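Two complexes, one shared chain (subunit A), two partners (subunit B, subunit C).
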Partner chain A sequence: MKKIRMRFRAKAKGDIVKVIGLIKHPNLTYIMAKKQHKEVNFLTYIKATHNGEVVYEASTSQFLSKDPVLKFAFKGGKKGDVVEVYVRDLKGNEGTKKVKIK
Partner chain B sequence: MNRREFLGLGLGVLAASMIPARVLAEDFRKTKPSVWKAKKPDQAIKALFGTNKMDKSGVKLNAPDIAENGAVIPITVEKVPEGTKILALFQDANPESAVAVFTIHPRSIPDGYSIRIKLQKTGNVYAVAQTKDGKLFYDEKKVKVTIGGCGG
Partner chain C sequence: MVTRALKLAAISAIATMSLFAGQYNQQAEKDRQALIKYFVAKFSDPVKNAARFFPYTPTEELKKNYRPVKDWHEFAKGVYSFAKGPRQQYLELIEMPPYEDDVDDGEELYNSTKGLKECFPKPAEAAVEYPKYDTKKHEVVTLTMAINDCVVKHGGKPWNPYKGKIAKVEAYFAAQARDAGKVINVKIPNAEAEKAYEHGKKYYFSQRGYIDISCANCHVQGAGKRVRRDYLSPLVGQVTHFPVYRLSWEELGTLERRLKGCIKNQGQQPPKPFSEDMRDLIYFLSYMSNGMKVDGPDVRK
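What follows is the complex of A and B.
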């Protein structure tokens, strides 16, 4: 099983934390995979938690772009806290990343 | 019913009542598999929310008018109605319709959610928000694609 790699950045302004990140993933659709003779694989689930509480959650399909960039925000965070991002793809590969809020 | 059974029953009820609290995080690919197979936005919206009666208000979706490259199209949801619980993105250019379903948690700020998607050809992108009382609101945007993103 391969680990999914990603880059994330979180910035606090007041008690609102803005997160921006990139998940490294080819997101091959059924058509693309057939043409390239590769197996279908795409991100299916993205989740971010802060202090054990879910603050962002998405179930996704094959139509995200390659290496998708995503942005979201949540309230109740502060500088120095840690946001944990978890992603999973169709084949069960997983990835987690701890991001320190700046 | 003797005492032992009665206690067991109590525990069962207690356990059942605790389940909803734990299932705060929902993976819609597992709970609603039919959504992801639906070919048209209407069908996908019906599969996800149980209805496709919706108002075109409250939601503001931002996407480029013309995308030179269909493989990378940034989609931003700028505004959702107060009390939105579920936010979903659909399109009608690709073989299947659903793109992403977001669960809005108490501390999430859904205004400004942005994600990059791909479109095979010119089509409409839809953002649908469901509020606490079950009402649906949506916005749509036509994106013109000059080079498709699904052909590889």
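What follows is the complex of A and C.
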């Protein structure tokens, strides 16, 4: 099992927290994998929590690009809080990242 | 009074310095100033100067897609300095740049590879130091060549000059130089160096290949025009952002790799990465970007 690498940044502006990040993943679709003689693998689940509350959740499939950039915003965050992002792909590889809100 | 005296002293100091140092780079400096003047005239008001610079572009397109550039330092961003649409895409892209991991990898490689620390004790300096004319070897030395020589000297196998490890190490150097606010400053120390410069310039301005065009046709006279949906970048500021993360490569690549691709598109056989043609060409290009801030690594289309 490999750990999925990623980078995230979170910024608070008034009441709203904006999160932006990049997930390192090849995201090979069925067609591309067949062409490149590799195994199919793409992100299937992304979740972000803030103080135990889910602020972003997505079940994804082949539509994602290579190394996708993710952007979302939520209300009710403060500076110094922690947003935790969790990612899983088709093969079961996982990755978590804790981001401090600036 | 004091400030005026200081200013006068500074101006006279600069004047004397340029008098003494400017023996061999007179022609080069003239070329650079002329190019800057030309590009500023071209892009400061594309609609007004359409008759001179963009005779075949419709005025609507000029109004809609072009952004006036007044300061020549902005050309460090290449196409994104004047083309509105691509600039917007670029600004969105660098919110979360895709090369940051490579810079970290480069730092690791710099610390772990034998000899790199001794050859390049100050990474921020290394990015600006090259390309330079080596007075002992009597040839131009580029950064890629210097790194490879260093690795081989300390008992390693030479790295691929186009991508991979070498690009990552260069990315680390460039990022350090950008953080320190370094400015590109290529020097022409003697008459032989001037010859190398002239050779590079000749390569840039001579017609070749089966389409029979020169580099200057696209990047001087043609700069700002479109090739299908892509805009052509101006010559000034073409080397500030290397190594570059190209979206079509999906990875980092060195200046040699970019030049190879560009020359191939032109319809000719690209020179080898460490050949005299390539090194002198890089020397010439770097001199034309003198006085601009290091901006690498960066993202390009």
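Going forward, the second predicted complex is superposed on the first by the 102 of 102 C-alpha atoms of A that agree within 3 Å, B and C clash if a C-alpha of one lies under 4 Å from a C-alpha of the other, contacts with A are read in each partner's own complex, and residues count from 1 in each chain.
Methods note: a residue touches a chain if its C-beta (ideal position, glycine included) is under 8 Å from a C-beta of that chain, and two chains touch if they have at least 3 such contacts.
Bear in mind that the values here come from a model prediction, so they are computed numbers and not experimental data.
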Fit-or-clash call for subunit B and subunit C when the two complexes are aligned on subunit A: fit
Subunit B versus subunit C as contact partner of A:Arg7, first or second or both or neither: second
Superposition-derived comparison: subunit B or subunit C, residues of subunit A touched: B
Which of subunit B and subunit C A:Val69 touches, first, second, both or neither: both
Partner chain in contact with A:Tyr30 - subunit B first, subunit C second, else both or neither: first
From subunit A, separation angle of subunit B and subunit C (C-alpha centres, steps of 10 degrees): 120
Touching partner for A:Tyr56 - first (subunit B), second (subunit C), both, neither: first
Partner chain(s) touched by A:Gly92 [first = subunit B, second = subunit C, both, neither]: neither
Shortest CA-CA distance in Å separating subunit B from subunit C in the superposed model: 8
Subunit C-contacting residues of subunit A that also contact subunit B: 66, 69
Interface residues, subunit A side, partner subunit B - complex: 16, 27, 29-32, 35-36, 44-45, 47, 50, 53-66, 68-76
For the subunit C and subunit A complex, residues of the former touching the latter: 95-96, 98, 100-101, 250
Complex contact set, residues of subunit B against subunit A: 24-29, 36, 71-74, 76, 91, 94-96, 98-103, 105, 107-109, 111-120, 149-152
Contact footprint of subunit C on subunit A as seen in their complex: 5, 7, 9, 20-22, 24, 66-67, 69
